[in-house]
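Order of writing sets the labels: A, B, C, D, E and F. Residues in every chain begin at 1.
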Amino acid sequence: MTAASASIVVVNPNSSVSMTEAIQRSIEPLLAASTIPVRTVRVIDGPPGIDTQQHVMQAGPAMLRAIGAMPAAAVVVACFADPGVHLLREELTVPVLGIAESAYHAAIQFGHRFGIVSISEAAIGRHARYLRELSLMDRLAGDRSIGTGTAGLNEQDTIERVKDVATRLKQDDRAEVIVLGCAGLGEHRREIERHVGLPVIDPVQAAVGFAQMRVALSQ
Amino acid sequence: MTAASASIVVVNPNSSVSMTEAIQRSIEPLLAASTIPVRTVRVIDGPPGIDTQQHVMQAGPAMLRAIGAMPAAAVVVACFADPGVHLLREELTVPVLGIAESAYHAAIQFGHRFGIVSISEAAIGRHARYLRELSLMDRLAGDRSIGTGTAGLNEQDTIERVKDVATRLKQDDRAEVIVLGCAGLGEHRREIERHVGLPVIDPVQAAVGFAQMRVALSQ
Amino acid sequence: MTAASASIVVVNPNSSVSMTEAIQRSIEPLLAASTIPVRTVRVIDGPPGIDTQQHVMQAGPAMLRAIGAMPAAAVVVACFADPGVHLLREELTVPVLGIAESAYHAAIQFGHRFGIVSISEAAIGRHARYLRELSLMDRLAGDRSIGTGTAGLNEQDTIERVKDVATRLKQDDRAEVIVLGCAGLGEHRREIERHVGLPVIDPVQAAVGFAQMRVALSQ
Amino acid sequence: MTAASASIVVVNPNSSVSMTEAIQRSIEPLLAASTIPVRTVRVIDGPPGIDTQQHVMQAGPAMLRAIGAMPAAAVVVACFADPGVHLLREELTVPVLGIAESAYHAAIQFGHRFGIVSISEAAIGRHARYLRELSLMDRLAGDRSIGTGTAGLNEQDTIERVKDVATRLKQDDRAEVIVLGCAGLGEHRREIERHVGLPVIDPVQAAVGFAQMRVALSQ
Amino acid sequence: MTAASASIVVVNPNSSVSMTEAIQRSIEPLLAASTIPVRTVRVIDGPPGIDTQQHVMQAGPAMLRAIGAMPAAAVVVACFADPGVHLLREELTVPVLGIAESAYHAAIQFGHRFGIVSISEAAIGRHARYLRELSLMDRLAGDRSIGTGTAGLNEQDTIERVKDVATRLKQDDRAEVIVLGCAGLGEHRREIERHVGLPVIDPVQAAVGFAQMRVALSQ
Amino acid sequence: MTAASASIVVVNPNSSVSMTEAIQRSIEPLLAASTIPVRTVRVIDGPPGIDTQQHVMQAGPAMLRAIGAMPAAAVVVACFADPGVHLLREELTVPVLGIAESAYHAAIQFGHRFGIVSISEAAIGRHARYLRELSLMDRLAGDRSIGTGTAGLNEQDTIERVKDVATRLKQDDRAEVIVLGCAGLGEHRREIERHVGLPVIDPVQAAVGFAQMRVALSQ
């Protein structure tokens, strides 16, 4: 696997086919405007969702196995827990982008303080720890959960709950930008944006956009 | 001028032809990988360089005149003082990106603390003020000047001085990334990168890359 | 214009006669206790209020024209947007004080966290940017708007709305000091102070008081 | 003692006559420009200097005894340890200003980061604790000692050592303003200022200037 | 008094016998698990509670008199205002621990942000000042008072009010740990903990625990 | 494994027998002063040292296997990378203490800013990330490496190099406390302390001391 090869590899560390397809759909607008190829893969024997520290710990080695000998110009880890990112950076010579980190870096381009729509209450403390690690805590307006684990994400009303929570982040916490705290919602991004009246960041789109830029500049 | 039109407009707020050409050359790798058109323009009746508060104050209206009725999908202000960015955001409905702001946002993706290679001693205080405004001061490892104004930039040895200063930022200030504090050096970015052994950010490349991403996602 | 001349010049960057007169009245208590002369001038061809980035950009050159060859020991820019302050510092050799900056520096002498009574919602983000630039964000308890632009300021009930907002800053945001986010209210300062039960800072008074101190110490 | 009476009382918490006279001389320029009377008193039975925690603890009650029934419009505690300031605020209804606090508040009006010329190594940690308490630590460029206790202050060369230390704060720590970390040096302020080429803050002048402003505005 | 002697001395700076007995009972679990002796003393001629700056100022010398020639391996100041701690450190060669400082240091081991249950409204500003001095302000989730002075502490319902306030700190301020802002409640700590569902820190227990650790490691 | 059982389990996540024995010796003074039993175990099939992200990722599950059904009142992870701490907290109901986290929490009790003696250059960035996550970055005076990996630790001169680096942290970085950035040096702590003239924190001692306190208070 070398930087010379042009394909960006997006790895979903869980085994969900529908999530992987949603990820693929969400990045279509970026692919349409670029000449750099992107491949989306999933960890076939991974867990259905990354919910526990056990899952986080196992994600790195599992993703390395999934990528295997596949040539890559950059790797995007498509899970908002950014699992295994440090491990992949140690093992690979190409850029490795976590989608949460990328989402935060994109969000601060649109306003001073962003709000996060989280999938579960439990994630909120983890996000805070990560934002402190990245020295970005001052930029957080609020972090609110839609009150369901990743299991609930296929339900009819998920998008409606995301819109409601995003609206509270705008009105009560004065967020100027919204970060979607989960992979797989990107195809609904512009709809949410219109509803809330604020820029909305999809983390996978952010990471793939940044990866395209890096690959273009390394050629 | 509407967001529907696909071209990114890069405006050099000064009148220098050679600088404008250097800016154009620096973004070639990004253009080669993208389907989104980019136009680079200069302010024909602008000052030769943006050196004083007077220049900064006048840049906004002058850039608006230079862009005129040109359709734009996004505007990049190609001067490291980010002059007139707030004014353009007030007047235009499309994204307006300052190159300094973009450079800082790109830099923090590559490491925790970045160093700035400044064109003049006088710029250092201005950068600090701006970084505080952006809540990014914790990410600054150091800011060192090559000891010449923009007038000196065509001299033979500019690149060598940039390399020396970047090396000091790495060794003495423990910078993990280098930001070039001036437009027009992007075509030498990879050479400087190899010399210093750290990622180097060209501000125009950063802003154009981010603009491409925004335009692609708005289509 | 040299520092040797004893007069402090207070410049109102807009053309409003009534605002200029209110500014003059607000500083009477300071003038009564000092031997240093003060002149208050307005920008005759300025806008009626400083409401847009265009106004902010134009204020610096316009104030320079208004001051002209008038001898000054210090200059106070009497608009809470602190427009043109950096430009005037570049052009003049005497101290140049912005009233917002001065109000913040006065406020932190009275308590740890201050509240700002803002004239418009739009100003709140601008204040935050400025407070970050000044590294004073930790001292802000809250910033709330009375919900009208400068056009509304002559209305009968402005003072009542200021009192209401100041009271909310005290009760809901635990502000220990109140900053009036506008020139021209200083003559009502003590009345507001009595109503709210907290120290209240008028920005023009703060800047003129600091200017008197600087001029006295330079003699 | 009521706020209605017009005199500012400057209390030197130690018994030194020469120090008290130096304090008096240092504020002459402020008195010359103001109509508000100022009285300078010392604690006759106080220690020769405030050097230990014991001295700090005893200063508050001793100053209250020294002021006695003297009418005061404001009180300035003229020792850079700001001893007894909280106690005096609890006991008195008029403004009580510490000179260290006032010096820091004056310094940040002149530049982003200030340097402190300290009398002793031991004071440096104390200043840091105080600056953190005031949320002003980000504004400190450096704190360096002239390497002598208050006992050494009458020596011929004190001023020369202050100049040397101030120059190091400028050159090595990039201070933009200098704070004199001791009462009694104000009459040499402008000489030091000329030598160093930076604004220099005398803490007693700063506190008396602020007290004049407060008293004028309360009349 | 030398470090060689094994006894930790816990000093209550007020004269209350019942408070001193409550302090003694609260540390029983720590004494039962340790071989290091602890003595609890009170300042017989001290005030009934430490409520004013006068009390704070007098506490240091009074505690020194109370300890007298008693051999001590460490001293714990058992009042949440941490009065006289700096003075005792200057006078003694053994470790001197304030219980507020210790409580904060213990609290951050249990979660990122702690809430303080304060005895009075007036204490809240003092805690903030101290937390800033200790650079721990980022760790404070909230500080709420039970609305009574130390005089009210023996009343039947104090514990119930503490539970209510602690619950609000958890629910409204998202505190992850609770700090009891007063000596003498430690024997109820586990009951409060069970009620609130969060770790609860008793400041005396925290300080004595840390003192045991220091003494053990110095032997 | 329940909290009711009295034994603290100290787990060394690597397989080194000599390191495990050194850890055991370092905590003898704490054991001598306490009635709470402590067991020290190693991961028999672990790596010789925790040097890579792979090791860090594997440490959690390996420690869980090593502890097995052993009853524990608290668990101390005896490696300065704090590997697997979050995983163990998820899996166990008793307190889990990382030694790095504990060392930082102990260090801030002894002075405002601490210095870290690191085992390798590579660890320095990792420590910074962790300190930011813990909001303790303001307390770091400096972090300097002795320039060898864990492999070098048995060499004759390790202690001398630690002393030299600690002395530089004191003299050049103004550290007020020293943190030993590695398990296994605790038996030399007091010798280093005497040499440097500053308090020195051994991370294993800190964590075991804190664990004793927690266990005593839960009984």
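Heads up, the rule we're going with is that a contact is a pair of C-beta atoms (placed from the backbone, for glycine too) under 8 Å apart; a residue touches a chain by one contact, two chains touch by 3 or more.
The structure presented is a predicted model; accordingly, all values stated were derived computationally and were not measured.
Two chain pairs are in question, A-E and C-D; the one with more C-beta pairs in contact is C-D. Of the chain pairs listed in D-F, A-C or C-D, the one whose interface repeats that of E-F (more than half of its contact pairs identical by residue number) is C-D. The rotation relating chain D to chain F, fitted on Cα atoms, amounts to 120°, rounded to the nearest 5. Distance between chain B and chain C, defined via averaged C-alpha coordinates, is recorded as 34 Å.
Here the spacing of chain C and chain E, counted between their Cα centres, is 45 Å.
Inter-chain spacing, taken between the CA centroids of chain B and chain E, is 54 Å. Within chain B, contacts with two or more other chains are made by residues 112, 129, 134-135, 138. Listed by chain label, the pairs that touch are A-B, A-C, A-E, A-F, B-C, B-D, B-F, C-D, C-E, D-E, D-F, E-F. Looking at the complex, you find that chain C touches chain B at residues 52-54, 57, 60-61, 84, 86-87, 89-90, 129-130, 132-135.
On the side of chain A, the complex with chain B involves touching residues 29-30, 32-36, 97, 101-102, 105, 108-109, 112, 134-135, 138-139, 189, 205, 209-210, 212-213, 215-217, 219. If you check the complex, the residues on chain B that touch chain D are 125, 128-129, 137.
Taken together, the chain B residues at the contact with chain F in this complex read 112, 138, 176.
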